[in-house]
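Worksheet: the structure to be examined is printed underneath.
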Amino acid sequence: MATTDVGWIDAGTRPRPLVDRLHEWVTTVDHKRLGLLYVGYGLLFLVIGGIEATILRLQLVRPHNGFVSPQVFNQMFTMHGTTMIFFVAMPIVFGFANYLVPLMIGARDMAFPRLNAFSFWLTAFSGLFLYFSFVGGFGLYGAGTAPDVGWFAYAPLTAKTFSPGHSTDYWTLALLVSGFGSIGTAINIIATILSMRCPGMTLGKMPLLVWLNLVMAGLVILAVSPLTAAQIMLLVDRYLGGHFFDTQAGGSAVLWMHFFWVFGHPEVYVLVLPAFAFASEIIPVFSRKAMFGYPVMVAATVAIGFISMSVWAHHMFTVGMTAAGNTFFVLTTMAIAVPTGIKIFNWLATMWGGKIYFKAPMLFCIAFLFQFLVAGLTGVMMSSAPFDWQLGNSYFVVAHFHYVIVGGILFCIFAAFYYWYPKVTGRMYSETLAKAHFWLFVIGFHLTFDSMHVPGLLGMPRRIYTYEPGRGWDTWHLVTTIGVAFQAAGVLAFVFNLVRSYVRGRPAGSDPWDAWTLEWSTTSPPPEYNYASVPVVKSRRPLWDLKHPEDPDWKYE
Amino acid sequence: MSTASANPDWVLPDRGRVGMFSLFASESAIFVIFIVAYLFYAGKSVSGPTASVLHLPVLLTVCLLSSSWTIHRAVAGLRRGEVGSFAGFWVATIVLGAVFLGGTALEWRHLIHDEGLTIRTNLFGTTYYSLVGLHAFHVTVGLIALATVALLTAGGHVKREHAARVDLLGLYWHFVDVVWIAVFLVVYVVGR
Amino acid sequence: MSPTSIFAPLSTPAESIFELSILVLAIAAAIFVVVAALLVYSLVKFRRKRNDDGREPAQVYGSLQVELAWTITPVIIVLVLFLASARVVFAVQDAPRTKDSLEVTVVGHQFWWEYRYPGLKVVTANELHVPVGMRTFLNLLSADTDHSFWVPRLAGKTDLIPNHPNRMWIEPQETGLYLGQCAQYCGTQHAKMLLRVYVDSREDFDRWARQQAAAARDDGRVAEGRRMFEQTACINCHTVSGTAANGRFGPDLTHLMSRGTLGAGVASNTPENLRAWIRRPDDFKPGSLMPPMGLSESQLDAVTAYLSTLQ
């Protein structure tokens, strides 16, 4: 692959005072800076969520362990889940969208820069608010008054009767506020993509990353809003004496479940579509081939978006819906496997006949393909409602969704970090350290999450702070816990690589990967205004056209 | 927004409108959940007042829906540069909106004091006050925004070139009215 | 061999699920093998070689036939899986009552199980007895939050949700003790809300039911302990039939000594454990809703002696 040498932009100027630079970051409305703030925030909470997971795993390493009390354990799994979804995955997803979407459509910023900043700070504040629950209330006794109702906070456990004090309120208010931030960002993404593409970039010529983020933003709007509504209702119950979910007064616990999962299921597609986006940009470049079946990939994405709004009650197969109701959700859930499988096949076809470079971004994407295939298949198993009557609410589910979120989404996020690191920082990361990260993390991931399926198959429910010996679960838990050490080591290598390469990495130039989308045509890092003159494009791969004037894409599209 | 100058043929939707319609999608989803809860619990209260205690708010509805017409006239006036016409219709909109809110407040006072219906009385109370209250909250937010524009107009700051922005606020107001039609149908027609 | 494996069914609904699961697993495994093999093959065959000439490979943008092929095949697989699953859903959920089926009402509590046999006038807690070879329908209710009844070898799980009665059934083929536990997070001691289902022969079950329906034994030697029990707050939560104790918040203790465990499976039912439990339940089950009763050592001896007579 060709590389070019570009000199440092800021070379020769004296650094401004620290206070000035911090002030700039706090008041910025620039999409690239906000993108970095989101991602940095998410990484910080990834470490915190990882510590919470480690506490859970240490408690479960053997039966009847006494590492933490049941109260602390229940707070840990609640905070771990809530943190990872709302303060790790979503900020990282929004951060990458913020940074990349304007660049990839040839725009100078997002549609509403001030709304952008406001949305970020809402999310940032609400995360801090949630964590204040550890020290609020009783102070540092136990784990303070952190919520312990599980990340989906089923009624009536969240009613004042069963959750006195304020722990549930920290959960509700933090997510309510961060929900407004998410909706704000989603509005911004949609308006940016629809209204600010550079000349020539019709919807059919946008990079797949942009398409996937557009559908993701649409899902946020349609999915986070029901959660907002449900949380307002919960607050009405807890503080105004309402009865939305008050089963003692005729309210329905199942109604909360419906409202929550109408949010909860599309939410996982909010997280996975951007992961697909990263894979769809990286796999073609490192296979040296155009994405196979672009129109089908777009259609599959839109189909996934629509169908995902209709599958939610597969989280409720055991609550006593009618046979007809259960059957409907079996059908829709199995149906969504079709466009998802199509995507896997298209990525495979992209690699087929290409020239595969095994650099860190591609390694993580390859692992993603295998792991997401497995995760999808365990999902198909649970889509069969009778099978789910055994597998549901067990460690099989926990293993499945971690397989998707860690094995699928986090691996793609790692890939994206390595792929765009040169663009964002202007430096190359260390490929050796990156490969160390990859292997340590893959080993740890499989030790932990492959083993985790088995206790579920052997009857272990989720959210239990300890378990009985003699059920055949013990050894699997030991192996699961051991895997944590490898993953932690991998993440350490990752963070060390990011920091060290920022200082000592070799200059990357504007296009170290010989890639084809617009962001590689500007400097690394991009100037504040992104492009000196607004690009005009004729195909999906504008830089391919420039590099291959004898054989441009627009002849074939 | 400078791309248009280089390529006058490259026309994309106005980002303000896209943003506002995206907001409508989100708000609609929130209202749908409250409506679903309302319909789910309709008729299920075992004690306390039921929907039969509600009076059809004809006058309030006429006021609110008329305010859509007045705000439409206001924006049209501003587009033509007639700030005076704009101001008049704008204030009329605010007055009609305020009447709607005031009427809602009176109806609630009657329900609480005379019928003994509060948000905690029964399932009907909870769902009724939440749904109608959520809508009234959106009317209030709208009125605050409208009042802000009115103040700016009084200070002579609102001119013809602001018509597109003011129109976005008009769109929001129309949305609030459409939601009222839905709420009206669900609460006062279907639910009773 | 795990006593709670979902792959060792011994009851009709669990068996129906197991048979379906074999089909689903087989299809999933086949898909995995095919796709993974293609992935591995492509990684090996199309890796960039050392002697690469640096030219870009042929750019292939798509193929309608290929897309159709890998759309239609999954659709067919989905249809097969869907129909197979739907059949079992209806067969299990809409199973009819049989001539001699038993009805049991299960009420979930934080953190114990209440069992009522309306036809037999039996009320007990935490250890469910059912006859072998017969259908038993469980009517699932909850007194507080959500719970879930999961004994993997007998059936899939069904939730107990307040204000939302549910119904499930089991039809065990072999006698024995079946284990499970609550499978819906219900609060602090969700982990220790264990299930013990004793499948008895018809005769054993009938004998058990008769014994459970009888009033509490009245042993004069433990009158002191019984008096203490009746005068302390115990009777606010517990029932001992035929006495003044008729509380409903905690488990029925009329035949406490007929149970093998205490505290919903948290400890075996020995005099030492019983005494220690009454002294401070939190020692066994921190966060359980039974408070320490603040009894003196001699009071504890007396009450334990009394309860030990409740066969």
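A, B and C are the chain letters, set down in written order, and residue numbers restart from 1 in every chain.
Definition applied: a residue touches a chain if its C-beta (ideal position, glycine included) is under 8 Å from a C-beta of that chain, and two chains touch if they have at least 3 such contacts.
Remember, it's a predicted structure, so these values are computed and weren't measured experimentally.
S.K.: Which chain lies at the heart of the structure, taking centres as C-alpha averages?
M.R.: When every chain is reduced to its C-alpha mean, the one closest to the whole-protein mean is A.
S.K.: Relative to chain C, which chain has the most distant C-alpha mean position?
M.R.: B
S.K.: Which chain pair is joined by more contacting C-beta pairs, A-B or A-C?
M.R.: Between the chain pairs A-C and A-B, A-C carries more contacts.
S.K.: Can you compute the centre-to-centre distance for chain B and chain C, using the mean CA position of each chain? Integer Å is fine.
M.R.: Centre separation, chain B to chain C: 50 Å.
S.K.: Counting only Cα atoms for the centres, state how far chain A is from chain C in Å.
M.R.: So the centroids are 34 Å from each other.
S.K.: Quick one: chain A and chain B, Cα centre-to-centre, how many Å?
M.R.: Taking the average C-alpha coordinate of chain A and of chain B, the gap between them is 35 Å.
S.K.: By residue number and range, which residues of chain A touch two or more other chains?
M.R.: Correct list: 250-252.
S.K.: Given the complex with chain A, which residues does chain C contribute to the contact?
M.R.: So the residues of chain C in touch with chain A come to 1-7, 14, 16-17, 20-21, 24-25, 28, 31-32, 35-36, 38-39, 42-43, 46-49, 52, 56-63, 66-67, 70-71, 74-75, 78, 81-82, 84-86, 88-90, 92-94, 110, 140, 144-146, 148, 150, 152, 155-159, 161-167, 179-192, 194, 286-287.
S.K.: Can you name the residues of chain A that touch chain C in the complex?
M.R.: Within the complex, chain A touches chain C at residues 69-71, 74, 148-150, 154, 156-157, 162, 247-248, 250-254, 287-290, 292-296, 318-320, 322-323, 326-327, 330-331, 334-335, 337-338, 341-342, 344-345, 348-349, 351-358, 366, 369-370, 373-374, 377-378, 380-381, 383-394, 457-468, 470-473, 548, 551, 553, 556-557.
S.K.: What residues on chain A touch chain B, complex-wise?
M.R.: Where chain A meets chain B, its residues are 108, 111-112, 183, 186-188, 190-192, 194-200, 217-218, 221-226, 228-230, 232-233, 236-237, 240-244, 249-252, 255, 259, 262, 534, 536.
S.K.: Name, in rising order, each residue of chain B that touches chain A in their complex.
M.R.: 1-3, 6-7, 10, 12-16, 18-19, 22-23, 25-27, 29-34, 37, 40-41, 44-46, 118-120, 122-123, 126-127, 130, 134
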